[in-house]
């Protein structure tokens, strides 16, 4: 039971590790969302959980919480939209309340610092609200929490982007189910990627607004917003190495 | 990608499987809760997920949803209480809303039948409310849902109980972290059990009421409510075989 | 105005009684729920209120709050189900919020100890949440509350069960509208029982799971889950005497 | 069991009475609130329940629901304020949700018409919201509800006011615990009134605004807003006769 | 930028003004609601905002918050009802939460005193709840707030009423879109009143109860509850002068 | 009363305009948030309202709703953070519920199309949720809504950016209180800008994550995230012209 995953520890070992608030709790939050016909529905869960574990292993003072698997509703221009079969999302308030409660539950064990690693763009603002409310509620009880909130892709440098997309980068906005996420999954869960089913499409283009109910005709049929065809496990490794190193260095 | 786990399917395969509402969605719901110094914090998640997968494999018309990992607050007389480090629980309303949203999200894919497999006693009534509300909300949209809600231990026969507890059964109430859960974990995740740390105690005895804030002195120091010492993987197999067979038979 | 019922006291007398937090507030919580064609819809309210008053009279330091009459939705296997005409129930969150507010309102008068007497099984977990949240909220204001939560039937001994069911006890699960509740009502409100309408049925048997929407065919047509035919006021007296004595003794 | 009180009926009799939506459900809603040192805390519950029963007895097509006992927070200028010991009130949203749920629960039995009789001024707007939301929710299910909402005092004529207050009426605003409510209670529950404790005060005068937190010095020490000294059971009878007759006539 | 309107100040000037909690924050709360064919939909917003500004200008220690424009649902007997095109209202809980959040946001800047000026009768109880909850929440953080809640019309004297309605006053209840509001609007926003479209009607008469869904036939077709025909800017000036002077005097 | 502002119309004129669902309702949503010492707190309200009115004037089939003035909490990296005096924000759920209610209220008048113009980045996801829920709720009632959600800056072309920032554009992320918003305000509300107080700073640089509670030292003291010094009314005109023309053209 020598793990950084809290779920796999017994409570006595956990208690001894977190004593005196000396551990940071790393919380992966993801989504169950289509990522094209070539990939499983859970990259937004597995990637932040993977990064969290690697970062925790390096840091020595972090433990990884069980991921929150269901995230906020997929939006057309960032995740293809909430109408794809398999995309299985919760309301903003459910996510907010659930994450808020989880932070406060870990606080009860004496933990004071949290690093929330988000794997699904649409979660961001609801996690902001959860973190802000948790910090303020804790303060009423005389406890000072510190909650860091990050999306792992924000740690990728332009240099790495250049290496991963040698023919030019279409922008983060269309990196849903594209080279970035597919490469990472090829590295960490190749069994959940089937490149023979990858659909080669030009980057999606969207009007400068959103519409509800969403219009499925805006989205490429495959569900990805750009082509995953040039994804490789090696590219995944470059990306992960950078994210993991930087995150570990920043927060240890 | 030949799996019963929805999270591991790509969306096109999933869509083809669930077409015409022909699949039942099996939803494991658990908790992160101490189960003694000899076992990890996640048996309430892993056991229902394991059963769900085996049942789905047999049935041919079921798929397994990603488990809801954080459950309702542990109670003293069924789970040792919500004050143990590692026991990490959410409010009733968070669990209810989260489960409700997940059911309705799967409904959007055309699914009409659900089997919620609960692994944590305290979740029960909040899942009742989630199921009841989801069914009623769906009806407003002209959709008839059917949600089965079960706790796997309710499928264990007296005969199996007799085999597992040859020296007499102390009752379900104190089977927290005891022979039953430990045996199952020894069978399905032996790497998460360390029998050398198991604490041998007589079954806990409680007064016929609850008190808030809970009184930690009511609970054995180890956190289990009875002794796990006589747990074996073989006993775990007996229990699982029965649960899986009966659940598969009842709902396929 | 010499009563243990708070509702029947004037505010000055009440204030003088509860001064210095020296009184415990006993809160009966029930339900409006069918209990067969032979009995009124309110045993789950009247029984805990009766017990509360008798206990308070003995104790000298308890006062009885007006009962919360509408409880959580009746479930098939414990109350016959929420589809019977007359069964009139609220959502889990309404009950939780209402009970939570009532506890905190009594706290404002200086009261610090509460004994919630539940008369309706389905209420239990929502009262747990109300009590837990009230205690935690009070603590933010620097106030320590103590809330005891009990269901009166948990105080009945095996000896009494033996006397009441000389031909064998079918178990608590089917004691809805059966000998137990009917006997108590015959003792305390004979005008609300008409034994000539009692339907004699074998104890109900249920599958080991629940289903939503509920299936009315699971439930005996009369709505009771076992036969009330052998109910007598004398049996009711035995039960009440034991519950009242034990509860008074435990909490005075 | 020949009663207009739903709680005292068995479910079969109730079902037969409400068949075809032919009954109107009369719902008394009150409060637990101080009404001076001379009177119990429950006039706001008992008075509307009494009126409801008398109206139902006359009408032949009405049944009376169990009263909702705890109402919205007492306000200084209408009920003395929420700081008196004994005044035990819930939040607006708790009352709203609870009343909303109760209306919809009765709807499930086939009832379509409701008469909510309010006994506590402060409840009004939250009952408006409950009624409005219930009507709209029912409509989503294709059901047309009709909910009448009334405060019994609005049915008292100027002639009766003249008879009850021969020396001049100080206005409804200060009729909290004064001649009106005390007279009615003397008529229907003389055992809950002790005129020897009635405090004779001039009508309270208030500034034209409210302040939070409330200022107790605005309120007469006794808690009543005018003097109950001239209350008599006879006056109570006059008032009740008029209210009951008019309400019965208007809604039967 | 020499204004009493907070929205029109830069943050540095605002900070300097409110330092040491020396300013009172005046919060106008209104509604978007029909006021007859002769007047715009926003008198309930513009009037309290106008009064707030004039009061603040006199006082020297008040600043005016941006008005909350959308208020609680219009009721038949006070605002004509929520079914008129143009009447655009929110639920009670939305208004409550929004106002609650705004008060607490201003508290974060160091402000401790608030004067909520209500322009729409139906808002009152939801503002009561917002104010009460804000005060109590602040107290948990060790902060004492004072929130005054007023409806401007409560400051109009009988003398002024006599001058404004020389032929007799029909009562506040029917002053919706009548002489009072129209006169004020003629004074402060003549461009939003078109007296040629004013409909002359006798004061509306209503039964002593409410009904849901509301019955449009209860309401004059024009939407006003009495005639605005005799409105003049001069009368508006009398009313405003009195309200502004009294409010300024009472709270400065 | 010839206005595109709904608030300034009388209800009869409004009713005639929106008949047959032929109008689109344009809803500006903003925030009260510091924008540097040189500018008022309300650009996020005034700018979308201005654009909405100009677009509506061109289109002929649009009307402008009263703006929602208080928006979601300012974030450090987009709005300077929620700790500046003057920044006055509500919770995510308050904004969501309020906007949701407003959309549904306008729906009741027969309107079916909405264009929400957002002026405050942080509002976006909560407006997404409000729009999504409103559309789904309407559908339960058999009504199809269409809600467009846009942030005006997304309509600014690279060409215009080039003209406005001839020395190079630092990116949208730091355009808080900078050249863009200041230029627009100089054009539409020069009285609310005082360029003599504008602080010249280099563009803010932030780490690739957020932290709660926020760290004020991350933010330039002035509160703007880049320098407004080169703002001119002419630049504001260029930006507005483009936004207004494109939005009008896209949605008329």
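First chain written, first letter: the chains are A, B, C, D, E and F, and each begins at residue 1.
As a convention for this text, a residue touches a chain if its C-beta (ideal position, glycine included) is under 8 Å from a C-beta of that chain, and two chains touch if they have at least 3 such contacts.
Everything quoted here is computed from the prediction, not taken from an experiment.
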| item | value |
| --- | --- |
| Both-way neighbours, i.e. chains that touch chain F and touch chain B | A, D |
| Copies chain E and chain F touch via same or different residues, half shared test | same |
| Distance between the centres, which are taken as Cα means, of chain D and chain B, whole angstrom | 47 |
| Whole-Å separation of chain centres (CA-atom averages), chain B against chain C | 29 |
| Geometric centre distance via CA averages, chain E-chain B, whole Å | 54 |
| Touching two or more other chains - residues of chain D | 82, 91, 93, 140 |
| Chain F residues touching chain B - in the complex, by the definition given at the top | 139-140 |
| Chain B to chain F touching residues, read off their complex | 140-141 |
| Residues on chain B engaged by chain C in the complex (per definition of touch) | 72-73, 75, 82, 91-93, 96, 122, 124-126, 128-129, 131-135, 145-150, 154-155, 207-213, 250 |
| Chain B residues within the chain A interface of the complex | 1, 6-15, 18, 32, 34-42, 45, 65-70, 82-91, 93-94, 97-98, 100-102, 105-106, 108-110, 191-192, 194, 197, 223 |
